[in-house]
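Shared between the two complexes below is subunit A, which has subunit B as its partner in the first and subunit C in the second.
Moving on to the complex of A and B:
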């Protein structure tokens, strides 16, 4: 029993970080029907930025979130303006898949050229510290990572529910045509939301680099996980993404401990498929959407 | 499909290029091989593709040997000329390269490529033409299971036996200090988990109880759940069949879980003096064991001179020399010695001679069984006072092993 509880704690802590990455992906999908398959690569890019800031300027990786996030927000806005916005017509969704995939490969290539393909880790002095909570060992970096993710998800939630911009975003998610008719500048909303989505990847990337070793190719594994999380949570639902990410973290961790690490990654897909058979729209997804 | 004029033109062009190439090739073949000329050695190396880092390291070793031997008058008074072709890390291309070396370039000798994957098919090609296949890096079962008599692997032991030295060390300890229980977390990789499995079998025979074993897939980034499970079993020893990242992650997870077993042995990862301390923290390395076929400070035949020449030629510190370079250099040493002994570079005689006797190289003094498996032992290395040192067998030890492992940060 002790082992299972410890595994659940680990799963929740790491699930929180995945939730942050997935929130950006699902937000962007909800607003503009763009599946940003570069989200994983953007996470890794941010991990490298944070790594570079730590290695060369000795900036703490968690503090580096304050630098990396705004920088990547600007990058996200630029990507949306240059690559995504120009896609028009009925095929825009499919084309966006190609464009963002190209972006992912471009980022991977650039990172390989600059940082080589060796695995890196951001290792601040407290990497190896852990706390003993009621007999359970919890790594300091994992708690900090979870805390940072929860805080940023909270901020995102406030932004979406308490601000005028947030209302415009939610209106666009629910019915883009009606939102435009009511005076929402959808171009503006889309650009900013893409930037926010990317900045969520950025913050999560800084955390990811502290917890896991990464190289430019790490984004393949990441994006497959993120897409599964978003699908399980319900496309476009941030709450769903959080619930799905936590589910993934806990399922994988418990299976790795109690059954075998070989089945850990696969087990989440079993949950995903079983759930989608019963509820195809995902945890919090809506059955029908009008475009 | 109809043929357009453009297609026909293209086909004609291709045909003429092929014919021209064949003419050139046959012309050059006719000139080949005068016994007074240089000794030509064909080597296929992975200069691009997945194994390019190691392929280039092997190339550095081979070239260094060539430079050293030529500076001393060559082999049997003839200069050595290396013909290196890139195989793009592909086994098919490697086989093709060896085929061409032997049939087109008419080389005198061939040296092995990088890794088991490429060595196994290449050895068969060399065998077909009666060429000795002295090779630096193909130590996996695939190379030896063909039972070829022309293969000679220039490392102290076949890969699967590389961790046997740790078992020998454990059993050399007084009974009270030996581990009673062990856990085996291993990577699903032909060069990781089988090594740990072998150690487990040997230790079980010696009475060490297995409390946990698991094989994890290569995409496992988080070792914490596995380590947590192991920690709950309180084993005396953690023995992991690892590559590099998973080894770092295992150690990191142990530190975070404040789990410090008496013995930690990982097949790969801790044996990388340049990377390991930076990946797990310099004050956490002490007492961790690993294994290696070559070590910069090793007192093997010609090693000091090799290391000195290497650093002079390529720069960097001794700790950054890739063992693959030493393995390749050893191939050259073997050939140099055998040629001196039989006054010939005839492949048939080389093969027959190498099967008898022992051969001093930077990899230690090598001797082989009839299918080219080296009959020696790898080095057991351990981090002692923040430095990686060979600690066993005693004859080659540069430091006294410390057991049990000090706590993390100690």
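Moving on to the complex of A and C:
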């Protein structure tokens, strides 16, 4: 029992970080029907940036979120303007899937050229510290990572519910045509949202680099999880993405403890397939009709 | 027999003749090796097109079944002793049928979702099969890889049997595509691609049609995987289920023209030799991936419909121009 509770705590802490990455992915989908397959590669890119800032300038990885996130926001805006916006027509969503996949390959190649393919880790002095809470071990970096993710998700939710821009975003998600008719500049909303989606990946990437060792190829593992999370949560639903990410974290760490670590990643795919059998639209998703 | 059918048969026959003659004319092993890869990708892309090109459902997990085919043949070698030399090739149809049958339940679940979700679910399939290949160590030997016996073909023309096997699969895939396009099934698939709800409303059995196309596509894909495993004689999870192979087949289909008969094969014939060239020139520096990504993005952004449809359009436009010019001249002469 003790082991299971410990696993659930770890799972929730990790799930929070995945929730941050997945929320960016699902937000972008909700607004422009674009799945950004490069989200995983962007997380790894941010992890490398934070790693470089830490090793060369000795900036704490959690502080480096403040530098990496705005930088990657600019990158995200640029990617939207150059690659995503030019896709038009009925196949635009599916084409975007392939374009962003190609982008992920490009990032992987560039990172391997610069940083080589050896595994790296950002290791601040407190990496291996942990607190003892009621007999359970809780790692400091994981708590900080979860805290940063929860904070940013809170900021995102305030941005979406309390600001004029947020209202424009939600209007575009519900009905793009009506939103445009009411004066929402849809190009503007799309570009900024893509930037925000990428900054979520950036912040989560800085955290990811502290928790896990990574190399340029790690983005495949990440994107397979992120895609499963957003599909399980229901494409376009941020609440669904958070719920699915926490589910994934808990399922994986419980399976790792109770059955075997080698089957941990696999277990979540089984949950996804089983769930789709019952509810093809995901936890909170609307039934996807012709797009 | 109408003219279009006759032209099609001539075109197919010429293609097959050139394809078969190739390894007997060219003897340099490295060129035949590129030939094997080209024909392999052409077969994969044609099979991908058979499902994704005709139904409009983009599947990003086809390579999972390529890997399953590769492992099935490898495991058959180890546990059932399917002979050596040319004999293992005869086991391929069984591998294809088996893998395709086994994939039907998962396809049925995945096809309950619509386009975007379907693409993502199939992409996760790719990772599921890769994980299985890593984890089921008693069958696949996990990350240490599965060894197949090296066939005793003459060293001078070692690649030739594999080339011919791949070519046979490519011709099979092309034949199936043509049959499907000419049949009622083809019409059903195109109706699904244009508007699935309307097709369903008109009484098209959409799920059955999609599953048949899926089954055919996977059967070919798995057989290609089997030949490839025998060719390499060594398979690892990361190479048997490689996202790069998947993206390669998709890219070639897009380059040649989705939903056409010859497009994917043309895309492969253009792209694979270029890819191999880039790999030898840039491979060591990891820039190969960047170059590959750049080619892909350029193709998608500049030529989203592919070579064949764009050519057909250009041809149709020039014919139209000629006709109007001829009409104008005729009118002017009539006026004079």
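Note that in this section the second predicted complex is superposed on the first by the 287 of 291 C-alpha atoms of A that agree within 3 Å, B and C clash if a C-alpha of one lies under 4 Å from a C-alpha of the other, contacts with A are read in each partner's own complex, and residues count from 1 in each chain.
We adopt the following convention: a contact is a pair of C-beta atoms (placed from the backbone, for glycine too) under 8 Å apart; a residue touches a chain by one contact, two chains touch by 3 or more.
Computed from a prediction, not measured in an experiment: that's the story for all the values here.
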item	value
Partner chain in contact with A:262 - subunit B first, subunit C second, else both or neither	both
A:213 touches, of subunit B and subunit C: first, second, both or neither?	first
Touching partner for A:119 - first (subunit B), second (subunit C), both, neither	first
Touched partner set for A:95, first subunit B, second subunit C, both or neither	second
First, second, both or neither for A:139, with subunit B first and subunit C second	first
Partner chain(s) touched by A:79 [first = subunit B, second = subunit C, both, neither]	neither
Partner chain(s) touched by A:128 [first = subunit B, second = subunit C, both, neither]	first
Partner chain(s) touched by A:148 [first = subunit B, second = subunit C, both, neither]	neither
Residue contacts on subunit A - larger count, subunit B or subunit C	C
Partner chain(s) touched by A:231 [first = subunit B, second = subunit C, both, neither]	second
Touching both subunit C and subunit B, counted on subunit A across the two superposed complexes	221, 262, 265
Residue ranges of subunit B touching subunit A (in the complex, touch as defined)	188, 214-217, 219-222, 224-226, 228-229, 232, 244-245, 248-249, 252, 255-258, 278-279, 281, 284, 408-409
Subunit B partner contacts - residues on subunit A that touch it in the complex	2-3, 6-7, 10, 14, 119, 121, 123, 127-130, 132, 137, 139, 211-213, 221, 252-253, 256-257, 260-262, 264-265
Sites on subunit A touched by subunit C in the complex	29, 33, 35, 37, 83, 86-87, 89, 91, 93-95, 97-99, 101-106, 108-110, 112-113, 117, 220-221, 224, 227-228, 230-231, 235, 262-263, 265-266, 269, 272-273, 276-277, 280-282, 288-291
In the complex with subunit A, residue positions of subunit C that touch it	58, 60, 106, 109-110, 112-117, 119-121, 123-124, 126-128, 131-132, 134-135, 195-197, 243-244, 247, 250-251, 254, 285-294, 296-297, 300-301, 304
